[in-house]
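Chain lettering (A, B, C, D and E) follows the sequence in which the chains are written, and residue indices restart at 1 in each chain.
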Amino acid sequence: MASIDINQVSKIYDKGGAKAVDNIDIKINDGEFIVLVGPSGCGKSTLLRMVAGLEGISAGTISIGDRVVNDIEPADRDIAMVFQNYALYPHMTVYDNLAYGLKNRGTPKGEIEVRVAEAAKMLEIEKYLDRKPRALSGGQRQRVAMGRAIVRKPAAFLFDEPLSNLDAKLRVSMRGEIRKLQRRLKTTAIYVTHDQLEAMTLADRLVVLNGGVIEQIGTPLEVYHKPASTFVASFIGSPAMNLLKGKVEGRKLRVGEFELALLEHNAPDGPVTVGIRAEELKVCDLQHATLSFEIDSIEELGAQRLVHGKIDGQDLTAVVASSIELGSHLHLTVGAAHLHLFDHDRGKRIEPPVAGAASTTEKADLAFA
Amino acid sequence: MASIDINQVSKIYDKGGAKAVDNIDIKINDGEFIVLVGPSGCGKSTLLRMVAGLEGISAGTISIGDRVVNDIEPADRDIAMVFQNYALYPHMTVYDNLAYGLKNRGTPKGEIEVRVAEAAKMLEIEKYLDRKPRALSGGQRQRVAMGRAIVRKPAAFLFDEPLSNLDAKLRVSMRGEIRKLQRRLKTTAIYVTHDQLEAMTLADRLVVLNGGVIEQIGTPLEVYHKPASTFVASFIGSPAMNLLKGKVEGRKLRVGEFELALLEHNAPDGPVTVGIRAEELKVCDLQHATLSFEIDSIEELGAQRLVHGKIDGQDLTAVVASSIELGSHLHLTVGAAHLHLFDHDRGKRIEPPVAGAASTTEKADLAFA
Amino acid sequence: MYRIKLTDHLILIAGVIFMLGPLVVAFMTSTHSAAEIHTQGLMISMGDDFIPTYEKVLFESGGFTGQVTGLTMAMNSLILGIGFAVGKIVLSMMAAYAIVYFRFRFATLSFWLIFTTLLLPLEVRILPTYKVMSDLNLLNSYQGLILPLLASATGTFFFRQFFKSVPDELLEAARIDGAGPFKFFIDILVPLSRTMIAAVFIIMFVYGWNQYLWPMLMTTEESFYTLMRGIKQILQVWIGSQIPDYNEAFAMAVLGMLPPIIVVVVFQSWFIKGLTESDK
Amino acid sequence: MKRVQFNSRFLPYLFLLPQLAIIAIFFYWPSIQAIHSSFYIEDPFGFGSTFVGTSNYTDVVSSSQYMRIARFTIVFSVLVTLIVISLGLLLALKADAVIRGQSTYKTLLIVVYAIAPPVAGLIGLMFFDQHIGPFVEFVSYFGWDMRIGINYFDTAFAMILIAVWNQIPYNFIFFLSGLQSIPASVREAAAIDCKSGTRRFWTVIMPLLAPTAFFLLVINMTYSLFDTFGVIDVIVKDSAANNPITLVYKVYLDGFRGNDLGSSSAQSVILMVVVLVLTMIQFRFIERRVHYG
Amino acid sequence: ATNITWWHGMGGRNGEVLNELAIKFNEAQSACVLTPVSKGTYEEALSSGIAAFRSGQHPNILQVFDAGAATIINAKGATVAAEDIIREAGHTFNAEDYIQGVRYFYADADGKFVGMPLSSSAPIMYYNTEALEKAGVEAPKTWEEFEAIAPKLKEAGYIPLVQSHLPWQMVENFHSRNDLQFATNNNGYDSVVDTKILINTEEQRMMFSKLKEWQDAGMFAFYGTGWSDNQKPFEEGKVALWVGSSGSFGGLLTTASMPFGATFLPNWEGIEGSGTNSFIGGAALFAMAGKSAEENKCTGDFFNFIASPEIQYYYHKETGYVPLTTAAYELAKKDGHYERTPQAEVGLQQLMLPGGEWSKGYRMGFYPQIRDVMNREFVKIFSGETTVEDAFKTIEAEANEILSRFAKTAG
């Protein structure tokens, strides 16, 4: 239980090479659950491993609690790490895997037993305590890896894609367990994942990385509703936010032949990227439609389906409930409050002039729904 | 391009051992896309491998086209298989990987070149034809594996979890590619997966396996809307269908303190399992609520959230739009048409007496929405 | 973790000195004259006789026929080393292939027949083996030098381990691609085994190159003499009443070390990789 | 073994044929002859022989000389094996630990693998020469009057040192590759769980290297039993005398040098049995090591 | 031309001289081509020859050393007697041409030459001239004399005595020089059955007790069984007297750092009848059986060739091995060889000393192993691990065991 302060940290692997992590600043509060997301190679693991002490820090400082840990051995940092491939000790029983870190810290035998029993119960692996890892299924191994972290009661948990080797169903349930556990133990946690659902459901705050730099830090909903850039917009949310090239003309936005009304905004007239979440596109009849397209393909997801088509030559996807019957064309409407504007070149979000305007209109929007 | 007829097929691995596949019957039409789903160890791979000829058939027959292939070598069955870990030949270039199967069949060199070029173009891997597999990214390897299958123009494609080694984002796009490709080539396909989204979006018909036997065969929507058993109900759909123990009392269903109205049905009075999809639980105010519970936890998914709680000591999950504000309790209503009944002991679906009743009411339901 | 540890380097340097010191000394010594070495022993400085000694060892014809030079002996050693290594690799890959990839009735028996030989060296059965060789009329031939050394299972053992680590899917994919047992072996398995082949090649080449008792017994024609035999020949004077040509012995020893060292150094990255893969 | 195997009636035998033929001709046939000879006392030139039952065996086993050699062989093998394993492991660990210069160290340390045992013996012999050996001179400062060829212990010491020197690279290579096949994440997990490097070594690294170590244990045993032949041959300078020698060298001395085929064959057979037992032990360990992955 | 082969156990300069002999022979006639092959050491040459014989791949001529004589001579049918092969080739052979010490060693019990002696040597004593001068003494003729002068040599700062081959110099030739019986059955000549070694005798034990005493008193130094380990300190000038081989002479000339001379291997004056000639050392050539008449003819021609005085003298001069015929000896003398290098004559003179009943030769099977046993026990004596009494008890027992095994091989 400690805060973690990542202060202007950079990492360069090879002398003269590019920065794998570039001048990153994150202040993590005690007990907070931080999720790092970003595409492959963006530096998530590198950052995590610097916190763990498995990788040297090229510049900047990392503090855990009030202590700068740059030069402190991993074992002395009071952290526990869960690895993607579990990294269980293959020659030890599950019990010994759990007990190993405690033994090395000179925890009395009696206490080790109590703690291991506790963790094993929590994770429902009591039956397997005498087995070697090779005799466990993937999900069970995963739980042992978790157990190894929690018995230690460390100041912080570090997770590097701990669920990515599991199948979808197990992933959902393990995700819930991890969240519950962390809430219960109130241990600060940093969690690396590729998986958006994990990112959204687990995080107190999300950190979106891209190419070694931070694109956005915020709560999942902030990030979802106000993506700071087209990168974040396309990365968070499934299906990915539709991004269309358009043109601002005063209070109007033109996308191909369509014209959409805009709220107050700061964008000068000219080209702009507009983002629209697939689920904000509502089906309506031709008269009320602000957007229409011919249906290219449909993916059935059960209760909903994804409808794909093209507007102005650009791909567009809408989410439509299975209960609605579809013709060959889809007619859609979208609230002005649900249009995200990004500047054309750098993809940065363009905010409305009054802070919070979006969220008030959002609530207003609800009244109509 | 051929139909595949799996006729009372069983597989026993070890003499006297249990049946890994038990008396399975599937008739697959020419050009159909069949997806096999089921939990780990249920026999999906075994069935697929029997079709491929990689595993002997203990009982029954498998025909491809009109030919019984039980005793025919894999190479002579005119099928192509895509493996989970791609199984690319690591020492051959992409070109040679694609060409190898053709060469072995004595295809003339000129034709090989044409076919490989065609496949490479289709899969957008023309640039990599001279590379070795280790110099490709996961998605590119996946496409080469696909390419190896399609150059052959086989009568059938067999896929064994071909996407499970990819990350989520890539999986979504590859899934689309596979579907498009199969539609275009009109090649019969059998596809094994763990992943529901894949299963739902790809299949013409889904085959749900459990413990070596078929639980249900049907289109994805049939399986989604009319799961044949509690097993199928819990396996298909995300989040999983809520399954509650309740009691039928005439036209009423009692779950703990709550009473729900039922449509016409065949169930005798007494204990029963009721299934309700999370997305069919609609938020309402206290007065109209048929079900209410205290909120235990919430998972934010962006546009929606999962709200977890307990009814009568049984877990229940509802999907609630993010735009709705939540108190400490959730009040819900559910249409009678959306209650699925399963018999208490065996978990088999109990159908309403009039066939199609459910689907008509469903459409009726739409009118109210 | 990422700090440079001084003691590690000290230990490694000590190790390198312990391992390489004698080789340097051997080389230095070989550049002195025989009489000097006889009276003063090993040398740690360069002597004056480097060129004449090495020239003599390499190019001056010796023996009765006047045909054996260091070079021809080295050539014979090379033939023995390479022939043995290649033979070993071919035989043992084939045998390992049969054992790992086929289901057949006498699999276990074959396995044990082969692996019983794993640890029994030629020295222990040298006389009966000689008899067999002469019955087969293979004395004084390269086959005679090489074949009996092949009768052991070390290579088969390495390849068996390696083949077991090759993913099953490759075989399955190849079968679907229409490759039969021969095609699979040639097109897929052999190319895949490259690093393992390199590793086994080094181990076997060194073993073959270093043979000396068997070539000594086997060869009576000077054209078949190997370097190791040459060294032994020089040294046997040691036990008689003359001074051996130490300088030549050392020079030959140095020359005798070079090819295997070159092979090892050139292939070492493959070597370690090959072994690592077989460890999986 | 494999999930899928070929079914063919003839092919496996075809693939096995060359190896089996070579083994039959050059291993089993001579071995059977050796077994046959072990029951006779035979004229060296093959003119006559007397069947003596098992007396060649009983003579050998009851000879105190043979037993002394057997004891030395055991001590020698065990010492060489242990030293070689420890030093090979030590160097591999260090080479694995340093980053700078790793490949240089690797290359230099592997090089000695290429040295032939008789060459190693030659260099060693000069090193330990009674009159001019630098090592002898060196230890004389510490009051050790080292006398190779006279003092049993001194000679044994030199043999062991040379044998060790020659075999370290093999161990180094295998340990290094063993170390490199331990997943990095397991090592990292250990770095987080355990502060002390030594403890980490004994509790995590060593157990994971155990299969490699077992494998090397047996390889080294056979190395010290058989492949040190050349070292010994050079060190004893053609005269076993009171020098320590190993059982294999004794087989060679009696059979090849002394032309006593019966006794030598009996000794070969005894060795074969010992070696067979070792082979079986090896296979048990190797099969076990497969289970770790 | 007919090809014949000759396997030998010589290396270095000695090996080269054998090659030169072969070349001379090949040049001297055109009917035969002789190819010599080095097969390692004496022991290895014998073993290789035997192994080859068993598989019918043996050479025409095999060089066998003194200790292996019994092994090959007892194998009736393995060889053709040198005498016979020379005669059959149409040459004359007369045993009387050969000097006394040579006549019996490689002959059978009837005195028929089985082996053709070449590369014969004798153990002789070399002395450091400076050391003797400094101590003011003469080289000893007997061990008694040695005992008398040794303290003076020691005082002068020298190790008085070393030797290089205990079984050959202090056992076998101890018996010949002192005319003592070495084995039953007429030193083994009469039969292999029940031949027993006569080594655990008072005299033999005395020799070794003395050596041990001398060692303890600093008058004798022992550097193990390696030949050159013992020779080296002599070359370095640290030793006054060294017992080596007459064949060591050539090597010493290049390595000795001081002037040196040579004299006989001492005998014990106190032993009755001592002072007889020494056994012939080194090796002899044997014509192997089972070869065609043409090849045998060539072998006979070659044997006859090397018996010629010119070749004998040439070989003697080049190697230090002794000439074997009186004619060759005369030739050497006439050529002034011994005036130039008086040391070269010592070995021969020692072989020409009057013979005794037991100084003609010995014949014991598996004798190389017996030498191994001796060496082992002798080292133990000088390293203090055993006593002289125990050592000889062991040697006697083990040697007789070996002999009885050999007797069974004939069965």
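By our rule, a contact is a pair of C-beta atoms (placed from the backbone, for glycine too) under 8 Å apart; a residue touches a chain by one contact, two chains touch by 3 or more.
None of these values were measured; they are calculated from a predicted model.
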{"item": "Touching both subunit D and subunit E (chains)", "value": "C"}
{"item": "Any chain in contact with subunit A as well as subunit C", "value": "B, D"}
{"item": "Angular offset of subunit A relative to subunit B [C-alpha, multiple of 5 degrees]", "value": "180"}
{"item": "Contact-richer chain pair [C-D vs A-D]", "value": "C-D"}
{"item": "Euclidean distance of C-alpha centroids - subunit B vs subunit E, Å", "value": "94"}
{"item": "Whole-Å separation of chain centres (CA-atom averages), subunit B against subunit D", "value": "58"}
{"item": "Rounded Å distance between subunit B and subunit C, as computed from the means of their C-alpha atoms", "value": "57"}
{"item": "Two or more partner chains touched - positions in subunit E", "value": "41, 44, 51, 54, 226-227, 232, 236"}
{"item": "Residue numbers of subunit C (touch at least two other chains)", "value": "1, 39, 127, 131, 172, 175, 217, 232, 236, 238-239"}
{"item": "Numbers and ranges of subunit A residues touching at least 2 other chains", "value": "53-54, 73-74"}
{"item": "Subunit A-touching residues of subunit D, taken from the complex the two chains share", "value": "183, 185-186, 188-196, 199, 203-204, 207-208, 210, 291-293"}
{"item": "Subunit C contact footprint on subunit D (complex, rising order)", "value": "1-9, 11-16, 18-20, 22-23, 25-31, 33-34, 37, 87, 90-91, 94-95, 97-101, 103, 105-120, 122-124, 126-127, 129, 131-134, 165, 168-169, 173-174, 176-178, 180-181, 191, 211-212, 218, 222, 226-227, 229-230, 233-234, 237-239, 248, 251-252, 255-256, 261, 264, 268, 271-272, 275-276, 278-279, 282-283, 286, 290, 293"}
{"item": "Subunit D-touching residues of subunit E, taken from the complex the two chains share", "value": "41, 43-44, 46-47, 50-51, 53-54, 71, 75-78, 222-227, 229, 232-233, 236, 366, 368-369, 372, 375-380, 382-383, 385, 398, 405, 408-411"}
{"item": "List of subunit A residues in touch with subunit D within their complex", "value": "49, 52-54, 73-77, 79-81, 83-92, 100-101, 104, 134, 148"}
{"item": "In the complex, subunit E residues that touch subunit C", "value": "5, 7, 9-15, 19, 22-23, 35-41, 44, 48, 51-52, 54-57, 59, 121, 164, 226-228, 231-232, 235-236, 244-245, 247-248, 250-251, 254-255, 257"}
